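What follows is a set of structures to go through.
Common to both upcoming complexes is chain A, partnered first by chain B, then by chain C.
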Partner chain A sequence: MKKRNNRIVLLTALCVAAGAVSQAQVLGGGHVSGNVQLDGQISKADSVIGSTNVAEKLLSNMRADVLYTNGAISAGLRIEGYLNPMLGFDAKYKGVGVANYFVSYQRERLSITAGNFYEQFGNGMILRAYEDRYLGMDNALRGLSVTGRPVNGVTLKGVIGKQRCYWDYGRGLVRGLDGEVSFNSLIKSLEGSKFHATVGAGFVSKYEEDETVNAEQPGYKLNLPLNVGAGSVRMDLGYGGFSLQAEYARKGQDPSIMNSYIYRPGEALMVNATYSQRGFSANVQAKRVDNMSFKSVRSESGQMLYINYIPAITKQHTYAFLSMFPYATQATGEMGLQGDVMYKFKKGTALGGKYGTDLHINSAIITGLDTTRVGGAGTYGYNSKWLKCGDLYYGDVTVEVAKKLSSAVKLTATYGYQVFNPEVDGHIGNLHHNNVVVCDLTWKVNKKNVLRFEGEWLGSDSKYGEKFMVGGVETENHDRRCGDWLMGLVEYNFLSKWFVSVSDQYAYRDGIGNYYNVSLGYNYGATRLQIGYGKQREGLLCIGGVCRQVPASNGLTFSLTTSF
Partner chain B sequence: MKRILLTLVCLALAGIATAQNTVPQNVTIKAMDGTSVQTSVIQNDGKPIIISFWATWCKPCNRELNAIKEVYENWQKETGVKLVAVSIDDARSATRVKPHADGNEWDYEIYLDQNQDFKRAMNVVNVPHTFVVNGKGEIVWQHTSYVDGQEEELYEVVKKVAAGEPIEEAAE
Partner chain C sequence: MKRHIIFAAIVCAALMTLTSCDKVEEGKYTIFSGAAGTWFNSNENIPDTQRAFLEKYTGVRCKNCPEADEVIHAAMEKYGDRLNVASIHFNNSFGEPIKPTDPDLRTEKGNSWCDYFMGSSAALPSALLNRGRSGGSWDSFDPAAGFDDRVDAVIGNQASIGLLMNAGEEEGKPYAEVHIGFNRDITEALTLTILVIEDDIHTSQLRGREQLDDYQQNHVLRQIVTDEWGMDVVADGKTGTKRMVRVPVDLRSDCARGNCSLIAFVSYKESREIVNSVSCRLK
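This part shows the complex of A and B:
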């Protein structure tokens, strides 16, 4: 059934594309563009890092997007293949097929898309259909999306569809409406003014058939709501260098596997305040999320079928040891505060030196909610106090100094302190307290040759193999990220197109593992090829606070991307 | 088998495209004051435009935009080029785009592409991905990734475009 559907879809899409092409010849325009990605992996067993033999020997993911555009009309097709899915990607992805197709008409006042589409209302707290190929995450809506801009400054959106779930579509029906008014475009006299204001509101409703779910109380079955609504209001105000953004969202009763089938309504608030001028900026963000996991299928417990998106507000670290214990958003409940300051010491000042110095400080703290249990499935679940924090989930402070030492040498030095609650991502043990130091030095040898050195240290009070009592059972901590670590990396970019890098991460105390990596790459225009050999630690790959568990691997990897 | 064949047909279709790729005009992005605008606002009076896709968390993107900052005034004087920096930051860090750009003293025209519509329309897979667009809105050169010093290569292209000379390393 599925196979036949796919074939019909493919043929239809092809006919549409062919039709469009032939019409384009008549109209004398239009063009085709696209991109292709191919990733592959060979991995062998290694008991120290926890990797296992891959039965297929070679795993590969591939993807090609083809886009046809002719004036206001565009049509696209995406072919995905997972033969078989690479480590960390769900086995349900196995296969090849057309994963996405659409036809779209876009004019200044009106846009219509039929087929698969991506959309976001405000910050996405009630609706965000998006994809991230590295997370193996795609919750595109398949249906219809209409956007109207009746007058300058006013945007109205309507969407209806079902969400992608691997090669299938979830049975839940998602409908949404959103409106936004930007006063600076609407009111002529405000154009170019120092003051700016945008307000918006959205509503999303999900419909799902009834099913049998038992209540906590024996003999009772839940009376499930078939329609679940969520709404939000938002604003963005600014004056000169100051700006303030806020969004408040509320969700109706939505018992699901994510909240253990409780009937408590959900709510979320996000506030951001910023001041910035040339060479200085400061920004504070706060959020409170309570029972806001919103999926189009109530029994889906994995990473798919999310209708909304609750962004993490911690900084997205990129250095290996700073991102070893990444923070994942807890849509079921959390509170957080984040602050960020950037300052540029001017050239010619004592701290600025000849080239100027950049200072960047960031800090975040995330806690759970302070809750009192009322009951299990079929009840209100819990009560929570609005301004009272629960358990500490995550905290960090990072100080980064970037300085050009000469016309050819640049140094970035970073110090980070992190507190991490291992239970948040399914591990055991006490809070980890980590200190991280990173030195990143770039030396431009000449016009076509650049060397980069990176040295990192992580000191932690966590220990691999330490024993803890979990539910009355003595359990060993098998989180391979624990312990004290050292890392070195040398990267050489030559002839402006090639690069080779060698790195090693070594647990020198209380930890386990020695992760070496060699990689060779080639960049030309919009084409990039990379081949690597080495060991990859098991861990979480996080993008935007959404994470994917990646198992350890030991062997060869390659990746090719190109756009045309 | 049939599928593979169809895939090949699709790729062949792509191959026969002869028309020069232009920057799509009707994709919605957000300006720094929170207003939604169409990509047709990306204009530079017939002079070259650099469109750079970046994100606050992307180290090479920041290195590239910071390196260009040092020479941007000269580039503008000599060629009239304008750099348009399109951030793909999502709700997690989108509010930090303006303070990030101000803190780094960037004088670029900056837009937010939170829903990644523009990114998809331009076939951007990874950031940084930089395009050079000529006065007619045609994409004449593109490049992904950044290594220190590569901004000089980019400027060679911009100078040629400003002078109306052909680019050997055409858009692939």
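This part shows the complex of A and C:
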């Protein structure tokens, strides 16, 4: 901690000196920019929604990014503070310090970054170092990253480092190489062609020292592989409005807590076909993931230290009830299919009317793998048939119609049907079947004032308080998302600077809770201040299939963001 | 620049490919944990043979000890695997090597035994059989005078504990696997002691008035693998209970492995009397 504090003092002094000279102004020929965000929360107990008193009274998360750029050289740092972490963020974040710093040299043919950096190979199935402040996730690599572009269209990347784990770094060492060739840039005759083709391949390896993990057989421990490799090949082909992307990844033996220490290799295939033209687009995605959880520390069971990322293929909903049961990607094993169609009924047609009508249909289905158990820790684990599905995890169909009723009024109506296996996110019970209807009406009163109304209904067959047998023990369903719900929201944006919104979510049958919220916000240039008061339902916050548990809260929240 | 980048990338790729993914062969996913002291239930057939353990306290400067060795040798011939013997060279004036080039056969743990059972001024040769007591004292005796009747008395009893020991090797390191079977209820706490003995060590040795320059020392205590007072036996002590433990043997470098054997004995933790013993060659 002392070391960290010294770093904070030194680096903060540099930033302050830089900031004193100017805000986003010249500094010795360079340029300083950055952003600051402060979020705070006051929450008190409410036995109905399950919130508890916060001993500290006030919880806050803050971060400040500062970037200095001077020609080919850039340097930056990020100070983070969790005093103390807001509800739903891991308590291991508690404290303040320099979470991230780097120096980078960037030329047309060569880029080098030393320090903390983020990187992704292909879709991320073998390497994705990224951060998401709302998920409380940061698996930045600290080490060295080199990117070379020896000829146009060829990109070679090399990385080595250790991953951030809260205020520390995981003991695993991550090394990776990736190469990508874009034929349209490499071959002059293909420049500007309707046909495009890109191929790539990557390899990532992690090293972790040995440790004792007991096998099921008494007196024996696991013979752990110290170096675990994962490789992938990918392509992106297209002609005109059609494109086909595919990536196949394979991982060596990687016994870890995530796969119950089995020795089965991992693999993942993802295929994405898209066709688009003016007023119409269609997309089909398919994936199969088998034992592809890849972490730099084999005993880490939480959110941190993921080396790779399995992309989600389910639609990321934004409306409250449609996103009440988000699907979290199961890197240990799943297969899925998603289809998405968008069509615009032209103006002047029967369905298009005066302004045209947008129709958007999306459907996805995700299942587990069909597996046959071979054994537990210290065995191959299981066998699996490639195209045979296991239990249903998630399925949905969403139909959205968006239509401008007049030059000032736009209506978006959405119907969604969802079926969800509650065991996927740690709950119990039978499959949830949800029907959701959303009406979203936006009225542009004038150039500076917008009024928005939102009404939602959720009908669910699940019941709060129902009892199930789990492992031979009678267990009550305490999932507060259960029940039939109604929601109303009114939001008013005025003078292009202020906004106020009032909303309420109410479980009127077989559920529990009445979640009201009032929110007030103010924008001034690059600065935004928001204050809210109300109740937050417990649940999952998912971004790109990666989720964070959000506990119930009851009280005041505020947020201040600015950039310079 | 292009050449440098491509060359560096090829070198990195080659290094990564060659070094960065370990494969564990099927059947080798698990290895013995080397966790000495971890007890498990045993499924082995454990013989209920009662054996005797003779610990002979001796030294290279002990003039009468070779005579005792001859008696012991004869007894070993007679009783075979029912008599286990360890010669303990200890740290008094009798134990110091005669020539600087002679190996020092004394061990710290052997000294502890001798101090405890014989006292620092032990008269040599002296021996204990199963650490028996006579009255309130240890029943030590001169092995040179013969001890067949003592052995007969011990092995004539029914074994309350049966012992089986296997020696093996994993990744080049030897280990001892000891199985214990309870033939009757035992409520007292027990300990298991495992030691390494070595045969055919040649040293100088006094015998009577002469000095033998190339005397063959046999069944010499070279190391005690466990604590000198043993490791706890974790068992409920009920008739029919069978337990096992595997203990790695970190053999000292100056031992000739081919001449070494293991002896294991179970003793009462409080009284230190030996209940039974077993031996096997170190593979």
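To be clear about the criterion, the second predicted complex is superposed on the first by the 537 of 564 C-alpha atoms of A that agree within 3 Å, B and C clash if a C-alpha of one lies under 4 Å from a C-alpha of the other, contacts with A are read in each partner's own complex, and residues count from 1 in each chain.
By definition in this document, contacts are C-beta pairs under 8 Å (C-beta built on N, C-alpha and C of every residue); 3 or more make two chains touch, one makes a residue touch a chain.
Keep in mind that what you see is a predicted model, and the values were worked out from it rather than measured.
**Student:** Superposed on chain A, are chain B and chain C clashing or fitting side by side?
**Tutor:** fit
**Student:** From the CA centre of chain A, what is the angle out to the CA centres of chain B and chain C, nearest 10°?
**Tutor:** Vertex chain A, arms to chain B and chain C: 140 degrees.
**Student:** According to the stated criteria, A:K354 is in contact with first (chain B), second (chain C), both, or neither; which is it?
**Tutor:** neither
**Student:** In the overlay, answer first, second, both or neither for which of chain B and chain C A:T318 touches.
**Tutor:** first
**Student:** Which partner does A:K388 contact after superposing on A: first (chain B), second (chain C), both, neither?
**Tutor:** In the superposition, A:K388 touches no partner, neither chain B nor chain C.
**Student:** Quick one: is A:N214 in contact with chain B, with chain C, with both, or with neither? Answer first, second, both or neither.
**Tutor:** Second partner only.
**Student:** Between chain B and chain C, which one contacts more residues of chain A in the superposed model?
**Tutor:** So, of the two partners, B touches more residues of chain A.
**Student:** Considering only touches as defined above, state whether A:G158 meets chain B (first), chain C (second), both or neither.
**Tutor:** Touch status of A:G158: second partner only.
**Student:** If we overlay the two complexes on their shared chain A, which of chain B and chain C does A:R509 touch? Say first, second, both or neither.
**Tutor:** After superposition on chain A, A:R509 lies in contact with neither partner.
**Student:** When the two structures are overlaid on chain A, which partner does A:D340 contact: first (chain B), second (chain C), both, or neither?
**Tutor:** first
**Student:** According to the stated criteria, A:Q277 is in contact with first (chain B), second (chain C), both, or neither; which is it?
**Tutor:** In the superposition, A:Q277 touches chain B alone.
**Student:** In whole Å, what is the nearest CA distance you get between chain B and chain C after the fit?
**Tutor:** 18
**Student:** Same chain A residues contacting chain B and chain C, which ones?
**Tutor:** Overlap of chain B and chain C footprints on chain A: residues 149.
**Student:** If you look only at chain A, which of its residues touch chain B in the complex?
**Tutor:** Chain A reaches chain B through residues 7, 10-11, 14, 17-18, 21, 29-35, 37, 64-69, 72, 74, 77, 79, 96-97, 106-108, 111, 118-120, 123-125, 128, 130, 133, 147, 149, 153, 155, 180, 182, 184-185, 196-198, 236, 238, 241, 243, 245, 272, 274-283, 285, 309, 311-313, 315-316, 318, 340, 342-344, 358, 360, 410, 442, 444, 447-448, 450, 493, 496, 499, 523-528, 544-545, 561-564.
**Student:** Tell me, which parts of chain C touch chain A in their complex?
**Tutor:** For chain C paired with chain A, touching residues are 1-3, 5-6, 8-9, 12-13, 16-17, 19-24, 26, 28-35, 38, 40-41, 246.
**Student:** So in the complex, the part of chain A that touches chain C is made up of which residues?
**Tutor:** 109-110, 148-151, 156, 158, 175, 177, 179, 203, 205, 207, 212, 214-215, 217-229, 252-253, 255, 263, 378-380
**Student:** Where on chain B is chain A touching in the complex?
**Tutor:** 2-3, 6-7, 9-11, 13-14, 16-17, 19-22, 24, 26-28, 33-36, 38, 40, 56-59, 63, 90-93, 95-96, 98-100, 102-105, 114-117, 120-121, 123-126, 129, 141-145, 147-150, 152-153, 169, 171-172
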